[in-house]
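The first chain written gets the first letter, and so on, giving A, B, C, D and E; residue counts start at 1 in each chain.
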């Protein structure tokens, strides 16, 4: 599925957070969005997912929807958003409950998700019994259960420790290799963007405007190889250069009380 | 995939889910459907006033139309007249003054005692272990059942009234205080210990301000309890007081005067609630 | 009404307190006098006199017997209740309520009921029978209720507690309580209300609507009530020349009925059996005085005509 | 640095802080001093029992030594005898049954009504705006003041007793419910919306279970309130019931029986508290 | 100041979290501690700081204490541990309050901390009005106000976004260049360890034992230079190799309920 964002502007009361965003995601593309804190990244994602109503401008989708898709545009959250009172498998079942699926189909989808994410042995566990990494795996399994056409990821790894982050990035790469789902990936972390994205969209400090769209030429599969490092270091340098001043200023800005 | 699928797959789940395993579809460009919103609290300043006005209108209407006998439900106009009468002959102020003094003293005593015990239970494990069951045993004892004993212990003067209100306030304050102390973030206490702050300073600078929100929330409950108990307290030989006034009106079956007294109690409740809101906004502006 | 309807017993509920002053009602019920009249009467017991007329006003019960209070007259003034007959009354030689002084007050000179002027007296509530008893005592001895300090304590236990604790100088207490207090040495009995100021303590009442719509039933109720009253009067109200109680016909049987109904020992009940008029006639003068007293106290609407609270047609006064 | 500095600088702040600017010092190897601990709650199961035992002993002692008149404060042995008497003649069960039925029905009615209104206020902004001031106006109205009106409105039978308890329970339940809904994490609701869950499913699967802890905490308070109000409720023409029993014992000045009745109320409070704890442990095991 | 940890073992009830730790920190050394989640890193730090009483073994200190030091061993916390009801300057003043300092000295210490951390303009702000980065700067300023001889840092950057993390690492480097404070630095993040530490201590999964102590040969000042990258990449590879299996297993371990 393709995403077409045009002339998008958003205001919370009198605070403008997004200003004239124009953006197109190609079928199967992964676009990373980086930008200083408070610049409107989560808002942009919310608008793309139909959770926030934009003040002006439009977000449209078109293109292929996979077989059996129940929720074409699906979020993966930073805080996992698991129901603490449901077991792992019931958390996944939640998003299937209000669809008319056969019991077998429902079971099949839950089980596939559990197995793919290595959660099978933990299907009866409550979220509180899981580590952060396991919880995000549940979040991913839940998203996969609806067979999405597009994933919106809002800093999916930033609540995790660095080691678990590395492990989950491998999971994501495996996922995309199989599914080719279009994805909008919001992050603060240049390394994540460099590892996962086809293009990186750099937003300015609030009100968020597109400062630059940087394409990473190296294919995803080869980015771990030594030969790729030079190009990646160069892109990294360029992105960090774009970011640093904005980040410094944003960090020193007193939040609205 | 069955062709009963809707043309709009955007953010909308298909109305009839797929049963088979046909190939995926392609959809034409279409806007993302909004599916958020709701489950937030917006302010509607006018609504409260409108509600009160509507309530009064319905009440008056019911009486005017003769749907309820004025004995059973005197109309607001009659209640208003009774209230105006109280203002005119000065009895409102006399009764209010007496009750406010009792509420103030009783509430302060109960609150101080409750906070003291609550702090002890919040800080010392032994005090907690002893206190919790005692509180749950004594809390549900109805104050009115003990009025004769209160008279024997505290006489019929002001002390027994302070005691009635004070005991009613004491137990909820104890519970609110130790729960509030439980909710003080432990990391702040560990931080203070790691900087070598003495025990007293930790109590004063961390535990007390950290428990303040919970304690203030408790005040909201105990203020209502104090108002409720002023009637029980003034069962004991009170000459003046809103509670005594309401009891007398009830005994004399003067339902309009009774409701006028109840209205005064209600307004006192609203006033105390407002004061507490202001206090919270001032003291807890850091939240 | 058809014959079938007449045969089915009419339902009625009567409210009373579990006190011996409600004795005639207990007797009428226990001895089947209501049933004989074709009435199926339910007895509903209350803990406070004030609630009985309210229950009549709300239509929960058809009849009530209890002491007369300012609240009663306020309900009467709103057309909710009407007195149709007498219940018990304070009468010389019948010790129902005692004026009691604490030992300290007695030693300080409170020796007779007349000395109560200027003293602190525990009563249940403003507008209660106790309040009126202070009022008529004042009428007799030339002081107003303003000249005593009445301490309303809502209930007898609180009054006893305040009396024992020396919080008040005096109390007007029911005979059982006052005898107990005197026996404990907590205070002294100065005299009896019946001896000092006889008055119409209680009445049988119903709602005007009842009289209007079910007059035959009220008449049946009255017949049964009067039968029981007469029996009660004969058994308990006889006195010999010295004023000592004489056991009349059926004394033990009736005493057992009342003891059963009030859940008290017969000996205790026997000590506090009040006087009743065998024809259920009211002390009309006193009822008028009561209304005027409450009106002067500002507790009953001045517009109330004292005569309008009574319907004397059932007792033929 | 002044030489008044203690030899132990490890985790211990210097007793006399430096005033000047001399060079740093060197200290010999020494263990790090422990400065943590405290401010946690440990369990002492025995303490509660010991406290109750001590309380009873002191109370009995005071009576035995003649420090308090048995009329004013009957010894626990007398209260125990009175209680045994109630058990023996079956009146305990009779009274308990009557009161339990009233508490149960009144509490359930008040709780259902309160949760319904609380849910409306938690979800709809308009209901909230209308409800909050109405609740703060009606909450502090003392139920005993309204007894005469309750008789007129609900009669003298069970309905007026249910109403007394129900209204007492209603308002705290409303407050607990809407506060509990406020505390349901908004991110879970947004998640459900983003998966296209219908409004009713969000309510059922997310808002209700998420609000449960707060609602159960409210039950603790309303259970105590129901116990307190059973006495007020049974002031209205009740033949049986623990409240009526206590009132009658008071009227007859039987303080030992009175306290036996109060003891029963207290034990009911403890029992209900225990049941709620078990319920919480079962329903909220996910916390 | 030097830190001497010997034969250290710690148990919470029947859960052993540290087992026979022997460790020495040299004067002015920065030792990073890495290890899977739950292996006892925070516990180790708590014991070193006198906040947790060890089950067995000893932790001793010796050596130089700087001039005017009020609290030789001082923590910097992951969650900042600021009092939300105090302004920035009062949060710093808190740790000076119970010492007999002259008013001037107190003011001077607070002001120095505020200025050094670029907080002067925010001294009257409440914590809620600050961004995460600013909050941790307040935490650092507070620690500096007592002139510590040794810093214990428990994942001081992991609650921050990647950009702010980069900025604060620069602050730390500046700090150590000036103060030469001994530091025990717990982190999950290999990049942080590689940027800041002299040596890296790798702990095993619970119960934590020392798996290896890796020395980073390259001096801290030169680690950003291209010439250093080869060595750092090699150390990184080695550390990640030591970590990965343990991290994976720890992540999949159900936490104790």
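For the reader, a short list of remarks on this structure follows.
Here, a contact is a pair of C-beta atoms (placed from the backbone, for glycine too) under 8 Å apart; a residue touches a chain by one contact, two chains touch by 3 or more.
By chain, with names taken from UniProt: A, E = NitT/TauT family transport system ATP-binding protein; B, D = NitT/TauT family transport system permease protein.
None of these values were measured; they are calculated from a predicted model.
Fewest steps needed to get from chain B to chain E, stepping only to touching chains, is 1. The pair of chains sharing the greatest count of C-beta contacts is B-D. Note on chain placement: the centre of chain A and the centre of chain D lie 45 Å apart, centres being C-alpha means. Each chain gets a centre from the mean of its Cα atoms; for chain C and chain E, those two points are 85 Å apart.
Looking at chain D, residues 11, 13, 35-37, 71, 148, 152-153, 190, 193-194, 196, 247, 250, 253 sit in touch with two or more other chains. Each of residues 49-51, 70-71, 73, 98, 126, 128 in chain E touches at least two other chains.
With touch defined as above, residues shared between interfaces to two or more other chains in chain C number as follows: 50, 54, 57-58, 155, 157, 160, 164.
The set of touching chain pairs reads A-B, A-D, A-E, B-C, B-D, B-E, C-D, D-E, using the touch definition from the header.
Of all residues in chain D, those touching chain B in their complex are 11-13, 35-45, 47-48, 50-52, 55, 71-73, 123, 125-126, 128-130, 132-134, 136-149, 152-153, 182, 186, 189-190, 193-194, 196, 199, 202, 207, 221, 223-224, 227-232, 243, 246-247, 250, 253, 255, 258, 261-262, 265-270, 273.
Interface residues of chain C, counted against chain B in their complex, comprise 50, 53-54, 57-58, 69-72, 74-75, 78, 80, 122, 125-128, 151-155, 157-158, 160-162, 164-165, 167-168, 299-300. Interface residues of chain A facing chain E in the complex, by the touch rule stated above, are 36-38, 118, 122, 125-126, 128-134, 155, 158, 161-164, 166-167, 187-192, 240, 243-244, 247-248, 250-255, 257. Here chain D touches chain A in the complex through residues 187-188, 190-198, 201, 205-206, 209-210, 212, 285-287, going by the rule given at the top.
On the side of chain B, the complex with chain A involves touching residues 1, 9-11, 13-14, 16-19, 21-37.
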